[in-house]
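Two complexes follow with chain A in common, the first pairing it with chain B and the second with chain C.
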Partner chain A sequence: MDALTRRILFLALVALSLPALAQDRAAEVQIKAAFLYKFGEFVQWPPATFARADAPFVIGVMGADDVAAALEQVVAERTVQGRPVVVRRLRRGEALTGLHMLFIGREDSARLAETLAAAKGQPLLTVTESDNAIAHGSVINFVAEDQKVRFDIALPPAERGQLKISSRLLAVARRVISI
Partner chain B sequence: MAAPRHSISHKILAVKLATTLVALLLALSAMVAYDLRLYYQNWINDVQTQAELVGQMTAPALSFDDARVAGENLALLRYRPRILAAAVYDARGRLFAAYPQPASGFPKLPEGDGARVEGNELIVFKRIVNDREILGTVYVRAEYSLYDRLLGYLGIAGVVTALGMGIALLFSRWVHRVLVRPVLAISQLAAEVTEKRNFALRAEKLTDDEIGLLAESFNAMLAEIQRATRELEASNRQAAGEVAERRRAEEEVLRLNAELETRVAQRTTELQSANAELEAFCYSVSHDLRAPLRSIDGFSQVLLDDFPKDVSGEAQRYLGRIRSSTQRMGQLIEDLLNLSKVSRGELARRDVDVGEIARQVFSDLQQREPGRKVEVSVWDGMQANADPRLLRAALDNLIGNAWKFSAKAEHARVEVGLLRDGTQASFFVRDNGAGFDMRYANKLFGAFQRLHSANEYQGTGIGLATVQRIVHRHGGRIWADATPGKGAVFFFTLAPGSAPETQASKEVAA
Partner chain C sequence: MRKRIALALLWMPIAAGAQVLAAGSLADMSLEDLANLSVTSVSRRAEPLSQAPAALYVITGEDIRRSGVTSLPEALRLAPNLEVARIDSRQYAISARGFNNAIGNKLLVLIDGRTVYTPLFSGVFWDAQDTLLDDVERIEVISGPGATLWGANAVNGVINVITRSAHETRGTLAEAGAGNKERGISARHGFDLNGGAMRIYAKAFERDNTVRANGAAVPDEWHNAQTGFRGDWGSAARGFTLQGDLYRGSIQQAVGDDTSISGGNLLGRITRELAGGSRVQAQVYYDTTQRDIPGSFSERLNTFDAEAQHSFQATPNQLITWGGGHRRAYDRVTNSAQLAFLPDATTLRWTNVFAQDEVALGSRWRLTLGSKLESNVYTGTEFLPSARLAWKLDEHRLVWTAVSRAVRAPSRIDRDLFAPAQPPFLIAGGPDFRSEVAKVYELGYRAQPAARLSYSVTGFYSQYDHLRSVERAGTAFVLANRMEGRGKGIEAWGTLQVTPAWRLNAGALLLDQDLRFEPGSADTNVAAAGNDPKHQFSLRSSHNLAPKHHLDLMARYVGALPSPAVPAYAALDARYAWQVHRDLELSVTAQNLFDHSHPEFGAAPNRSEIERGVFVRAKWMR
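The block that comes next holds the complex of A and B.
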């Protein structure tokens, strides 16, 4: 049993002891952290985005400290595309430079649009968990379905950011938006 | 003739079929074993690869907890009908997705990487690893139709074996037709030739190979035998003809012999009867002649004795002549009667001493003429098997002749002896008297043959004829040797086989 499994088991035990709603949110955070980590495997960034050969893979988390915390645990001692993973917590409006992936916590549409506009055209995989996030230019957006975490993928913003998303990832997406 | 029970063709067929069978079985076994092994390995590789693919395919679904996608991925296995079931377990060992639906009969927990065969099924577990992290495990259950495959192979093997054996059988038939049948044909022909003794049969030359040569040689041999047999038969026929001819000739000879014997017997009988008649006539005539002669002699003597005065001197002289003539005639008749006598009557043969008889003859002669001085020599031990009366008559004549013809010799000498020449014993009577000319030797033994005048020596000329007849009656032979003036020897033999014994000793009589 590896570390992740152990951790997941531990978290599951912790979650069982919490009230139902808190339990749901905790599990959701864990799953989303894990998904974020795994997205890195199915997306190809332009080589220029990495300064050096051993440059780290940087994941920015904005407006979701619980997810950042969970992600930090998940990526510890792990690599994405052979690179060490760095989790950077960002405040709203902070510059997005040096990031490869950006998770934006639940936001209202205006703010979300603002942040996504900043990311637009950059080789940055944007992941959101808000309704209409795709419409605002997010690449991946988490949705809940049948009490499970699923996600939609929009290809045009990815293409604009010169990101190539593996078809295998597309295969497990809830919806893939091409236009 | 039927083919022999363990004929070569059957043996060849058996060997060929056995060889074919063994070769086929070995080849098929090797092929089947190789194929089954290959099948096993390939199928395991195949299924393992399939499991790997399924793993890779379902890795994102596992990562993003999408059992539906995983199920869809697994459902693609319906295009592999030989994969009976498949499942994906998540990292925690829970069943994540399964094919076919509804999921049942799947292991509760996944196992480590591996493949194993359970009955007719191949079970493979394959872990899904991504970046040293185990995402889950794929379980695949595929059909493992080794036995079906084996059965299929056995079917093929059966068909191939049957085909192979069939071909071998056909080949063997061909071999039988090409090789064995010609040999059998020759063999049958040989049996037929032996059975029927028909050397005119010929083997058919069916092939142009060594067997054909055999047939030709066989035919040549048959031709030779036929020729030899024909010659032998001809020779036999000829020999049989010759034998028959010879037998016929022998029969002819026998027949002629028998005829000859019959004729001889007939002639002999005729001759004997003629002889008997002649002798009877002769005897009768001689006997009847004697009476008138006696009258003439008697009355002449009466005239001389009783009437000497009435008969002149001259008449007396004539009467004397009459008497001497009648006496001579009487003697002649006596001799003829003797000759006739020795020819008649049975031979009474017994062992006699020839010397004894000779000595009696000499004694009688000496008494008749006491004045003669003759040196007599009779050998001792001269035995013979003869009729004593006839032998006496013969010796009377021979010794009497010797005595008579040696009368004028200075020292008369008569010898009776025996000469032996092998088994032949010849008696002889030798004198040193007048002898005779050998030119007349062939006339010696005829009746009335005289070599000397009656004036010189008295005699009738019948004596030697009588002797010859006696000797002949004893089955002997008589012959003579002489020199005029020096003497004569008369030899005679008696029946052969009655060889007398002899002891060379001399007895001299005065």
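The block that comes next holds the complex of A and C.
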């Protein structure tokens, strides 16, 4: 879609006062972006994952440009763990080096498994929004419940990556999977 | 959603996400609140409180920080439904829906659930109420009666200052600022403690004296220092909060030694979510405050308060909230020969129980019925009922209406004030003073016609009876209740997100008040009840010029005050902030750019003028 078409579409949407569905997705995206930022404050990474004292906190976003855009807004003037935040948009198959957190947009099982396998054992907090993502090794998976954005946390992949998840984050999770 | 709104009408827990406009502000919410945020409620983002059947405006922490204000009363200027008039370096007249007065008595003010009104005159000593503004999460301002939940005194409004959980304030903040009228420093450190979080803060400031219109100095220079802490443990479902403050200040006087004020408080609160989604909250606090005006008056007030509430879903369509509380205050004053509160020491007690039932009538109608019974030592038990009805036209429009009865129970000034201190008295208390009563009818409409635009309009009609008057009793004057009248008006405000980086807020207040004395009353001074403008307008612009450059402008116009006459004025405040480095923000705030100085309250020629102020600040945070 070219820029002009997008602009016309956007104006049309505004004029029609955005259909409810589009609005709900917009809200969902905003909430998820806020959560991604928050997760950074409630998880501890092994110190070695930061090259320098002032090294940035790097969040990769794969297959969810809307979330990436919202997240860029959120972190523009904020820090995570006292560090500036860099949002990196990734394409499927791109290397995951240098990331502290990776958000993978809605994906089918096979592709999700592939990406998560690459992240396995890394000190990398993987966050997903797909059914069965936990089974494929994701640490945090967003789920919709009662019109709310909730999430499940799996501890084993976090432990393999030497990530420590604060009890407060666990308390907010819908489910915590420990085996 | 229904449950959140019901809670919103209770003390603390409003859906913090309420006035969310972008992910940026969502990121300031706690994890717990995010997890409870309904997607559909965020869609109607500009009015998250769009379901509350009351004239409720929320000043967000971000609004406060971006305005550059340095005190709570100045922050309250951000609420379009409040009248805020600065009297001098430290005193303010603040009210909603009329009756504005240096000793205004129809507004209830709470800071983190702690009532800060003084039983001396049922108002607020604004110079003793402070907190670290960077740690304020939001200020909820309700114009109109809130007596059913908050009790006597919440006649024309409730202000609820809510600070952030200690979980949200980890890290260190240091701030220093200086300007032509004031200077201040503050620091806060937040850290993990025993599985929870704790923060400690300290701040100090000095404000220069004000001047009269003829340029003569008003001796009211003010120094103040405050420190405090807040610790939070557990989660929203099972949490414990402990917090406290200590403060000390001194204010120059025309003659004699400085006035000194000091005090402290300690508050503990637990919340529990029980099976079936019911929720219990209990809170206790102790507050001590002292004021010594050498040569004329001193007061020492110790307050103990305990309260609890329980809310539960009685049926799928009914949410019941009920609770009760007890407060006890020991007040001791030192009188002067000219003016005395008699007896000089007294114990005041208030006990209350309340219940409220929120009933969903189909999917569009919601009825809220409730009442509080509150006893006080002067008039016994007061009955404070209200009924509210909300009609959701569709997802974007809400009509609500409410009928309430509220009272302003007597305070010491109404019953115990004598002059001189020995007979024969010129003023001989108010032996028969009873509660002032308001019956209030409200109609409101809230809408979000487009994703970027939302607004609220409220009309009200208030019938007042038994307002305070001064009557003759033999050779003396006594305080009695022979003023009555009505007030009606409109409160409107709206928000327009012009672009993702630019937001406009506008507000308007129209007030028409008609007060008179009952036949047979000897009083003629209606102006003693308050001094209010007939209209007030504000326009605020928040603009992110670039990711690290913020410009905020606020213009306001306040109509003339009738008696004592204060001319109408317009004021423009501006703040420019630059995030120099990820840890460092520099800002400059200018207040009252339109004129060199103007008065906001009080009688000429001795009243203070409020001068143009420029304030430069550096904030370091990591």
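Assume the second predicted complex is superposed on the first by the 163 of 179 C-alpha atoms of A that agree within 3 Å, B and C clash if a C-alpha of one lies under 4 Å from a C-alpha of the other, contacts with A are read in each partner's own complex, and residues count from 1 in each chain.
In this section, a residue touches a chain if its C-beta (ideal position, glycine included) is under 8 Å from a C-beta of that chain, and two chains touch if they have at least 3 such contacts.
Values in this document were obtained by computation on a predicted structure and should not be read as measured data.
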{"item": "Dominant toucher of chain A (residue count), chain B or chain C", "value": "C"}
{"item": "First, second, both or neither for A:143, with chain B first and chain C second", "value": "neither"}
{"item": "Touching partner for A:70 - first (chain B), second (chain C), both, neither", "value": "second"}
{"item": "Partner chain(s) touched by A:38 [first = chain B, second = chain C, both, neither]", "value": "both"}
{"item": "Touching partner for A:79 - first (chain B), second (chain C), both, neither", "value": "both"}
{"item": "Contacts of A:118 with chain B and chain C, given as first, second, both or neither", "value": "neither"}
{"item": "Shared chain A surface residues [contacts with chain B and with chain C]", "value": "31, 34-35, 38, 41-42, 78-79, 148-151, 168-169, 171-172"}
{"item": "List of chain A residues in touch with chain C within their complex", "value": "14, 17-18, 20, 23-24, 26-31, 33-35, 37-38, 41-42, 70-71, 73-74, 76-79, 82-84, 144, 146-151, 167-169, 171-172"}
{"item": "List of chain A residues in touch with chain B within their complex", "value": "2, 4-5, 8-9, 31, 34-35, 38, 41-42, 78-79, 148-151, 166, 168-169, 171-172"}
{"item": "Residue ranges of chain C touching chain A (in the complex, touch as defined)", "value": "20, 22-24, 26-27, 29, 31-32, 34-40, 42-43, 45, 167, 170-171, 195, 235, 237, 395-396, 449-452, 500, 547-548, 579, 582-583, 622"}
{"item": "Touching residues on chain B, where the partner in the complex is chain A", "value": "57, 59-61, 63-66, 69, 91-92, 130-131, 133-134"}
